[in-house]
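Next come two complexes built around subunit A: one with subunit B, the other with subunit C.
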Partner chain A sequence: MSLDYRMILARLLVYGAALVLVTLCGFPLVWMVLTSIKPDQEILSAAPTFWTANPHLGAFERLFETTNFPTYFANSLIVAGSATVLTVFIGALAAYGITRFRFRGRELVAGTMLFTYMFAPIMIVVPFYIVMRNLGLVNSHLGLILSYTTFSLPFSMWLLRSFFQSIPIDLEEAAMVDGASRPQAVIRVILPMAFPGLIAVSIFTFIVAWNDYLFARVLIGSDSLKTLPVGIQDLYESTVTDWGMVMAAGVMITLPALVFFIAVQRYLVAGWGAGAVKG
Partner chain B sequence: MHDAVTQAQTIDHSEPLPRGRRIPEHWWGYVLLAPAVILVLGLILYPVIYSFWISLHAKHAYLPIENFIGLDNYAALLDDQEGFWRGLKLGAIFAVSSVGLQLVVGVSAAMLLNESFIGRTFARGVALFPYMVPMIVVVILMRWIFNDSYGVLKYLLQASGIVDDPIVWFSPDNVMLTLILVSTWTFFPFVVIGTLARLQTIDPELYAAAKVDGAGPLRRFYHVTLPQIRNVLFVIVLLRFMFMFTKFDLIWLFAGAGGLGYYVRTLPIYTYVRTFGELQVGAGAALSVTLFLMLVVFSIFYFTIFRRDEQL
Partner chain C sequence: MATVEFEGLCKRFGPVVAVEDVTLRIEDGEFVVLVGPSGCGKSTTLRMLAGLEPISSGNIKLDGRVVNTLAPKDRDIAMVFQSYALYPHMTVYKNMAFGLKMKGADRATIDRRVRDVAEMLNISALLDRKPRALSGGQRQRVAMGRALVRNPKAFLFDEPLSNLDAALRAQMRVEIKKLHRRLGTTIVYVTHDQIEAMTLADRIVLMKDGKVEQVDSPMAMFERPRTKFVAGFIGTPKMNFLPASLEAGGGGLLLRLSPSVALPIPASRAAIYELYVGKPVELGIRADHLVVGQPDDPASPNFEVLLEVVEPTGTEALAFFTFEGVELSARCSPRDTGLAGKSAAVTIDLDHMHLIDAETSEVVAVPDDGTAPERVVPIEQAERGQRAVR
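Presenting the complex of A and B:
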């Protein structure tokens, strides 16, 4: 039957296209992992193999033992972790304030927060560097933490605001009538209900801080303070490229981002409208 | 996806709770907002205004030189063929080609991922991968895949007979093309996320009706899908163009910092070079202000042209 034939053809087309898409997106990452566990002689080969019979972790050993990678990794964790905690705290305070109190300038603040979204990092970085230098925050983790917190705040406030707005105020009032103080009502009633929002904000901030190159490059000079993106760039450019080791570094940096990504996937689409994805 | 925004505008829970305290209730609004407002004012808005001010000076990054020179920095840009005008041209080529490709690949992928097939959830996850990979990883990975001697792409293209002579991806002639391809790979998932969210809300009845009317796949796309995703594409294209036109990290890490930097020296790269390479902070600030003004002008044009289009 011609109808059946056409339906089968359409199905085949869908699966063929899906295969192409998955390969295009997934293959580079598979190739990265494969290169990181291949023996050296297999890496530099004119006819690369798509499997290896002798996987080994030599590249990872070199990465951890002969470079400052562990330091960069720890620095990235400290900076991204601190920025995340700070953003969630400050963002939640602000979002609560803006949804639960009426005061002059409230709309102006909300509007301004969105407006800051207009500024790409490269437009801010020049004066930003001078401001940070005047504050004595150049070449310190504190400077980076404050930077990432600030850049994540507008989006975080915006997202948390919509979460807080969707929580009925009656719940808080009920808790307070029952004798809870306002902070207790917030901690016991509001925060648990806004939990998905807090998680989404955490992950967004963590990824911003974990991935940033520009501000880390400009603000950090000492090798012992570098975060991963800057450290890896210097590693890559300072030596004859050890591809196995560089790919091992790639695997190590991607893993945390990927774990967070899988955790956040379902919030990502919801947050898209609010500008969760930028770059 | 618009829910959050519309909600924010329509629901208003702002009446203060009926409580008497030592501090007037509405003050708490200011107190709670203070940390966020101080940070954003101090580290985003103040620097932006400050950069207007710096751009009116001949200022060195380290030496204590700071002379007011009015609009001289801007005037110098107009004469700067090699830096400014060339950067503008390269940036436009990069942004327009990359956004165009992202749009084509992204919309196609979104339509595919909207079909039902076995393994769709997996495919959706994998398709968003490239966007989540840290930029430094994208760069080192693509430098390896596109490597002139041992790159797997060179091998695949030659083994499959698509090209006879290896393409030198990192050459003055090709580096921009390579960069555009890599940027498409990394950023098209943004288009997928936005388009797919919208596609999922299209009423299947519309397609059924079009089918009954005898419309083929192509006509269904033009007459059903496209009008429905039009508004979301309008926003996506604007955002993507603004992001690509101001893109720094990918270009700089991929080629900008090395010997091929000259061939991809777009305005963001040039801003960075002027400021942190040549230490001319005043000139760098003038560039970043100009970049900002260009985006404002671009957005205004974009809105007027497409608004008018909509009324036709």
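Presenting the complex of A and C:
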């Protein structure tokens, strides 16, 4: 009896803690969604309402019709998508090279890459700007894509490295004896096995690039090239802030990341586990 | 089907010499086992043959053609790994089809070959499974199947049975032997287990510290080891070694094992061993020729010892005792387990002794004059042996 009681209590505690956590994380999101469909009077009324009696999509209409939101959205997709592809590609090559070939300075390269990840972005945004200006890449998507790739690569490479290390070298050798060239062995045997790692790296990179404000703000000037975080920030600059529209924009920013995450999160979960425990 | 040749093959990892000057010719269809303790270079040699490890110097020839720098995929050999190395994300069918697919074989050919081989290895029912759903023995079969499907010039086995339990290992040994007889493909097989080497090989290549110590048929290696290392490595239980000296006496040659024990050397061997009188030597004798109990012929050399442990194995038993500070083993009847802790006579058959020059660790060669042990070579093995010697 007392054992059952204790188990129920433990359950309750666990669920209670989970509920607190979910509320803390989720409430702002819920509030954002609710606000985006409220009439303006309700948003600004002194006594806040939770559910609105008159939901409408006026804020979304204004967002798409009176602002450059569709352009920002497309820009963000291009930049985040390209940075993700580039990071996964280079990260996989680097991680493969570092785990499979013996060369002088191998550990140094790996260590240095991790070290670069220790810098806060704000410390290097100005030097980065200067580099990009000298390369003529300021105010271009390419410059932004390269920045995000630079930032995501060290972590991605480290994550993939542990994935590749956990894949027995025998498998590759078996494939090569079986008639595959090294690239074929990598594509047909190694990459499928490292798939969870590749997914984890893509999510990480996509979210970094999608959410970044700092670099987009510093590197991009023209309105037609702005990404979502910068574009939305600029919605505040009008004399009267249209809170309904800002919240609608927030919803629209969150959606793609959410969809992407839900689509691949089962690989991500598998990925963290596989990367952490060898074999 | 192919011959394999190594000419002065060397492999160095920085200052470490892993394989040193290995020269060997493996005939078409021969089953050769590379055996030796861990770190002796046997696996490295196999990997160089597969093309997985670049060679430092020397030549590797397949069918007379130098393949030193040829990529593994172009050597047309198949390898079975110790870990099996099955592709975890592919079904058994796809694992087996992989090599043919890489070769560009058409679907129908692949399907026929995979199903034929699966049939042969009794794994037809497993074709749709993933490797993780297989037992160790099944994985082992699939790994062999993957090699067989391709019908390569040679099969390389890298300790394929070491992850199996003893019963399964014995069973797979027999199956590999049968497969070899059926296919007649050249096999190079690496193991650290001398029993595997003895049971499987047409010829054994025994390696030590990167060098070839002896190349011979299993029985020849068992009966006429060239060095103390070979003598001690091949055979279970391990051969007994005992420091000794030779002296003239009793109208012939005496082998002195202790101040109180000196045994007459058979006349046929005395002439050869004479040269070693007064030099440091060791006696090498297998437990088979060291028998607990009084000899039938009272003239046979024997001495008293205190038996410490008697281990019955069923048909036989092994007795262990210490003589002159050295642990020795002797054969005894399984009914004699009660002798443990008691003293007993041990009869030694010096017709089967090995005399080891303690300075060079080499076994003094004795010509095959009829006093040497009878050769119990199975007929098919003897035939292969002859073909291999050529």
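Please note the rule applied: the second predicted complex is superposed on the first by the 234 of 279 C-alpha atoms of A that agree within 3 Å, B and C clash if a C-alpha of one lies under 4 Å from a C-alpha of the other, contacts with A are read in each partner's own complex, and residues count from 1 in each chain.
Basically, a contact is a pair of C-beta atoms (placed from the backbone, for glycine too) under 8 Å apart; a residue touches a chain by one contact, two chains touch by 3 or more.
In this text the structure is predicted, and so the values were computed from the model without any measurement.
In this superposed model, does subunit C or subunit B come into contact with more residues of subunit A?
On the superposition, B touches more of the residues of subunit A.
Determine, under the contact definition given at the top, whether A:Thr49 touches first (subunit B), second (subunit C), both, or neither.
Neither subunit B nor subunit C is touched by A:Thr49.
Which partner does A:Glu173 reach: the first (subunit B), the second (subunit C), both, or neither?
In the superposition, A:Glu173 contacts both subunit B and subunit C.
Using the touch definition from the top, say if A:Met157 reaches subunit B (first), subunit C (second), both or neither.
It touches subunit B, and subunit C stays clear.
Going by the contact rule set out at the top, does A:Trp31 touch subunit B (first), subunit C (second), both, or neither?
first
Identify the partner contact of A:Thr66: answer first if only subunit B is touched, second if only subunit C is, both if each is, neither if none is.
neither
State whether A:Val189 touches subunit B only (first), subunit C only (second), both chains, or neither.
Second partner only.
Mind sorting out which residues of subunit A both subunit B and subunit C touch, each in its own complex?
173, 176
Can you list the residues on subunit A that touch subunit C in the complex?
For this pair, the touching residues of subunit A are 168, 170-171, 173-181, 184, 188-189, 192-193.
Provide the residue numbers of subunit C that touch subunit A in the complex, in ascending order.
For this pair, the touching residues of subunit C are 50-52, 71-73, 75, 77-79, 81-83, 85, 87-89, 98-99, 102-103, 146, 150, 156.
Mind pulling up the subunit A residues that touch subunit B in the complex?
Subunit A reaches subunit B through residues 11, 14-15, 17-18, 21-22, 24-26, 28-29, 31-32, 35, 43-48, 90-91, 93-94, 96-103, 106, 109, 112-113, 116, 118-131, 146-147, 149-151, 153-154, 157-159, 161-162, 165-166, 169, 172-173, 176, 182, 207, 210-214, 218, 228-229, 232-233, 236-237, 243, 246-247, 249-250, 253-254, 257-258, 261-262, 265, 268-274, 277-279.
Okay, in this complex, where on subunit B does subunit A touch?
1-5, 7-8, 11, 13-17, 19, 25-33, 35-37, 39-40, 42-48, 50-51, 54, 109, 112-113, 115, 117, 119-120, 122-123, 125-137, 140-142, 144-145, 149-150, 152, 155, 159, 185, 187, 189-190, 193-194, 196-197, 242-243, 246, 248-249, 252-253, 257-258, 268, 271-272, 275-276, 281, 284-285, 288-289, 291-292, 295
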